[in-house]
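Each remark here refers to the structure printed beneath this line.
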């Protein structure tokens, strides 16, 4: 395996890692928003994101026969998912987390786990009524054709991508674009609007924010709405990228996305994005270590195959947290004694 | 009382200073919180470190007790360097402290709070606790005795089994002092013990601090804003401002030192437009 | 009474259904995951078994038995499966069991049932270890790994003429066991193994696909279940890799096409269940299933149906030998190893001394533009008779 | 902690209910025995017999019987009444019922196992306040320690080494030992020099720790190679009587893995610690799944033996147990003994220097350190103690199941143990045991029996309770946390702080909580997720 074939191979691995990273990043945002305001690991977020994916599936299924521009269908799916997941998230906060606002920190955590179990079965029941379990996205035509394929206009880019063995799908490019747009919108909202300041104030110190006339409960509900909407978007993007979703497929990506949020520095929005991208690339690189091991003929590297992907990500997280306890971009308030 | 008195009260060790600090500096990023401060604390004395808010007093304390890592300089207790020691190792070495904001263990009662102070002094280890060996019973009894003694010493015996957070504010301050004394320290650092106390409680505190030095033979170093308390209690005062030592000496020397007044009251006052006496006493309390 | 215990008891409420009936009740049990991530597959097994039971209720009523099926949930967890097995052992009206989905649950549950001689017929466990332990009560209608593996390998070598194969498995007892046998068979025919790895990932396979594109194998063998392989093959084809993919009976389901979409073309799998069009009765069962459960039957539904039919014919044989009176569990257990079950979707079933199928027809199915077609058939014998 | 009656009972002396206790115990035991004893059941009128045979009623009867132990503990009754009810139920009635229906014994052992796991996790989460989401990994370490040696797997491992490795076994072993000693010494040296936070120190520390790990693995490999010579003798595993030795070895193995996991992460706080322990728990499960030369990977290991005590078996035979039930009967009593030892150890540690240190670091790390409590050391002891309870129970689990595979040690198990601890009452020994009993009975007996009872109705899958167990369990979790956040039997400390009178879970809007916030010692919440933080200001002994 000479360098000529290895280099494009690695570039291809990194690029597909980045696309995967964007999906994790936008799910991680949902965790970071809620954690920022309530310091709570919102286990139920994985089901909020699956709700978005299911709503997206239903929209595409209903619109499957309808003669409409593919991107319009996508827009409708995104909006419907944002509304559904956003409202669900508010409902969860109102019923399950608000009464426990001052209970010891572990109590809302267990409640979140309970809510997650309930939602998983509820989604399965609702879809079960139509006799469905594994929901496969019926995407509009053209979403799966290679982006900049040989016959399309931007052939140059296509040739380069083709050269390194990558044929990005249009849907993958959509995933990246929608993720970027959402991140930009969120960044603007949190950092440049009055509402954003209120959210950051409540995140810093709920009590003092209350003193400044901010209705903390209202802001928390709003944060859950935004977190839920992001969850809805990430659900649709997940469905686009991977094609099939079921009631229980939220748990694993949820854990990986939360790891990404912690890797980037829990509570920090750019951190969640950076964490997601870094995690996506690391997972892919670990997945190909046995090829690298073979290439650089380091014998026992060959053992590390794709089943080590997940734990590789965790070990990297341990290393990073040892040297930077608050994650890559985490705020480290030096302890006032 | 002296039966359990600790090593410090043995006849004065060879050198008369218990704690000598040379060139202690702490730089946070660009800001120099403490700028090369020297300090010699004589054995069995009561000294104070004063200065306006933000002068770096608490940072100075935190470097002595190992919570912050000094950027440079040395801290020697009885000739032994404390540099690089963890806070619990500093406590075992013999320096105990209280905190500006009271930090009691909410879910424990007063006696248990003080018994935690005995942690580094108790001989019984993990296995002793598991097997309930003789050594375990001895050390538990000793811990309880010392705790009760310390509670009695600060006058809180009647609250022995009361939750620490249920005590009135002044008593919580005393409980923190009792907990610090339970570590059998050579030197105890009190961080604004009189903050939020009414005059009666401040008087009680003054007699308590004196008894700490006289009865327990423990050296006391105070950070305090209550000038009346500082002036009447301290044998020696050091004044910090913007992280550097601007004055030190006996109480009356420091009171009349223009640099001190300037630090506290701003330039005009130092030029004598106001009466020196009242300003220094009143101003400092604002 | 303390508030807490009242809270626990009333919360559950009691559905006291005292089903008093004159006839002696004779029950068959099914053990499969009914809740959690694998509940879809586990429910298919239970529903398939229920379908078979419904067919036999009349026949059993003539003999004076009130036949019913009780579905136990093992949550795909060995400890819960064992607990269910012990409950079944205690309920003497249960004479035989259809189960389980996961080999990891089958092994301890069958060991728990062995002392009380409760016969067990598995619709899905292919790991050799399940019957190699020599338990008298453990049987299975699916082919063993060391039968299904070589069948897939030989197919790749002879029919697909593949010189190099990339091996993948889903890190479960089923997937890993099957691929180990395939690898042995391929190495015996010195076919190059371009890769051999497992992945628990259910959604993103980009790293594996990159490696496949780099090593350029002639074919891929994936030991796993359709809900994972469908997603994999879809992404594989989208990355322009059109080489054939071969798998085991885990792929035997329409969902393979719905999930895989166009990507499921050029996919082959080995199974013991006859294709729907090749066997008229299969069509009838499929219609009955979708009528009763509102969803179309999948591979595991067919296997559940067949396993239950074998169990019921075994019980009937035991009852006949016992003068049409309620047979003991021991009699059912021995009858299970004697019965020659017919009218099944996977051909006639007869178990050998170890509980494996004596001879079974192995079908190799191929999927092209969404339609399942029979590629070839071969006979498979259990290693020992 | 003496078996104190709940402190906050109303002052008027509660009525002495020993008579009621005994009567209830007799009724429930009789019900249980009748419903299990097929011969007695036959004599009953068939309607009543079928009613008792209904799976839901059967498990309700069993739950009612087990609830007796709760009443015996909680009710104000004379000591002899309590001991009589407790003793007879555990040592006579339960085994007797278990004879006909082994699922009763199986359930009792599972409750025992999860009670020990909850007690272990209670020390880590309840006392020391370290949120550990990967606790089941230590259970796996214990299970595989006995699983590998107690079955033919050790024979396979040795033959693998005999065939593949050259005979440099002794060299590797000695090399490993030397490396181990060198790194251990350097670790101690680094610690003593106390070069606290200088980067050089933490790098050196990490390298030394890595060296330690490599040293241990080399040593083990070397020893295994040495032992490979007599591989033939171990095809069916070590002599089962080594079971007792392995109970101790498993404690050591789990405790050392606990320390190994604890070392790099104990500087972290709250949710960072949670995600890291979650990750390391998954690491151990994946290693068990991948290192198939040692653990036989996903195929799992079977058959795993357990020690058999001849006189005990003859006793079991005497009272009617069939030979295959001997091991279950034997393990039931082993579990009872181990649970008693663990409860005693828990109570002793709680009322000692180490117990106070744990609670101190949970409340306020800075203050605890200032009082001379060494943070990392105290946390490591908590981790190791918690891990050792899981380790010993892992051996029992392997012996009971006779088969172990990685799918028994998934993340959901760690989460359900955590829910047992929080449901039962953080930091409360009786509460945590009750939590374990309630959750185990729900998951293994009550909820499945709900499904079985309605099986004959064959309800559509969507509504069939058999498929809704997780939904019901989730609902119970949420309901419990909303209406009783301090748990079923809150610890004395917890209740004292929460003053039973004002309902802690009252719906406090920020305005109400202002009063609570402004007390001087509750200065503004200092929020720093990563670095050691001061105790958050939430009322009650909340954990980080």
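For reference, chains read A, B, C and D in written order, and residue numbers begin at 1 within each chain.
The rule is short, and it goes like this: a residue touches a chain if its C-beta (ideal position, glycine included) is under 8 Å from a C-beta of that chain, and two chains touch if they have at least 3 such contacts.
Source: prediction; values computed, not measured.
Q: If you tally contacting C-beta pairs, which comes out ahead, A-D or B-D? Let me know.
A: A-D
Q: Identify the chain whose mean C-alpha position lies nearest to the mean of all protein C-alpha atoms shown.
A: D
Q: How many angstrom lie between the centres of subunit B and subunit D, each centre taken as the mean Cα position?
A: Here subunit B and subunit D have centroids separated by 43 Å.
Q: Can you work out the whole-Å distance between the CA centroids of subunit A and subunit D?
A: Measuring from centre to centre gives 33 Å for this pair.
Q: Give, as an integer number of Å, the spacing between the C-alpha centres of subunit B and subunit A.
A: Centre separation, subunit A to subunit B: 50 Å.
Q: What whole-number Å value describes the gap between the mean CA coordinates of subunit B and subunit C?
A: A distance of 73 Å separates the two centres.
Q: In subunit A, what residues contact two or more other chains?
A: In subunit A, residues 121, 307, 310, 334-335, 337 touch at least two other chains, as defined above.
Q: Name the residues of subunit C that each touch 2 or more other chains.
A: If we look for residues of subunit C contacting two or more partner chains, we find 35-36, 39, 171, 198, 200, 293-294.
Q: Scan subunit D for residues touching two or more other chains and write them down.
A: Each of 286, 289-290, 366, 461, 467-468, 470, 476, 534, 540-541 in subunit D touches at least two other chains.
Q: Going by the contact rule set out above, which residues of subunit C touch subunit D in the complex?
A: Per the stated touch rule, the residues are 1-2, 4-5, 8-9, 11-12, 14-20, 34-36, 39, 43, 47, 50, 68-73, 75-80, 82-84, 86-87, 89-93, 102-104, 107-108, 111-112, 114-115, 127, 129, 133, 171-173, 175-177, 198, 200, 293-294.
Q: Can you list the residues on subunit D that touch subunit C in the complex?
A: Checking each residue of subunit D against subunit C gives 36, 38, 46-47, 50-51, 53-57, 60, 63-64, 67, 70-71, 74-75, 100-103, 106-107, 110, 286, 289-290, 292, 297-300, 302-303, 322, 324-325, 397, 401-405, 407-408, 434, 438, 443-446, 448, 450-458, 460-461, 464, 466-470, 476, 479, 488-489.
Q: Help me check something: in the complex, which residues belonging to subunit C touch subunit A?
A: Interface residues on the subunit C side: 35-37, 39-40, 171, 195, 197-204, 206-211, 213-215, 227, 230-231, 234-235, 238-240, 255, 258-259, 261, 293-295.
Q: Under the stated contact criterion, what part of subunit D meets subunit B in this complex?
A: 193-198, 345, 348-349, 352-357, 359-360, 363-364, 366-375, 381, 493-494, 496-497, 520-521, 523, 534-535, 540-541
Q: Residues of subunit B touching subunit D in their complex?
A: Contacts found on subunit B: 65-67, 69, 84-89, 91-92, 96-97, 99, 101-108, 112, 115-122, 124, 126, 129-130, 132, 136, 139-140, 143, 163, 165, 169, 172, 179-180, 183, 196.
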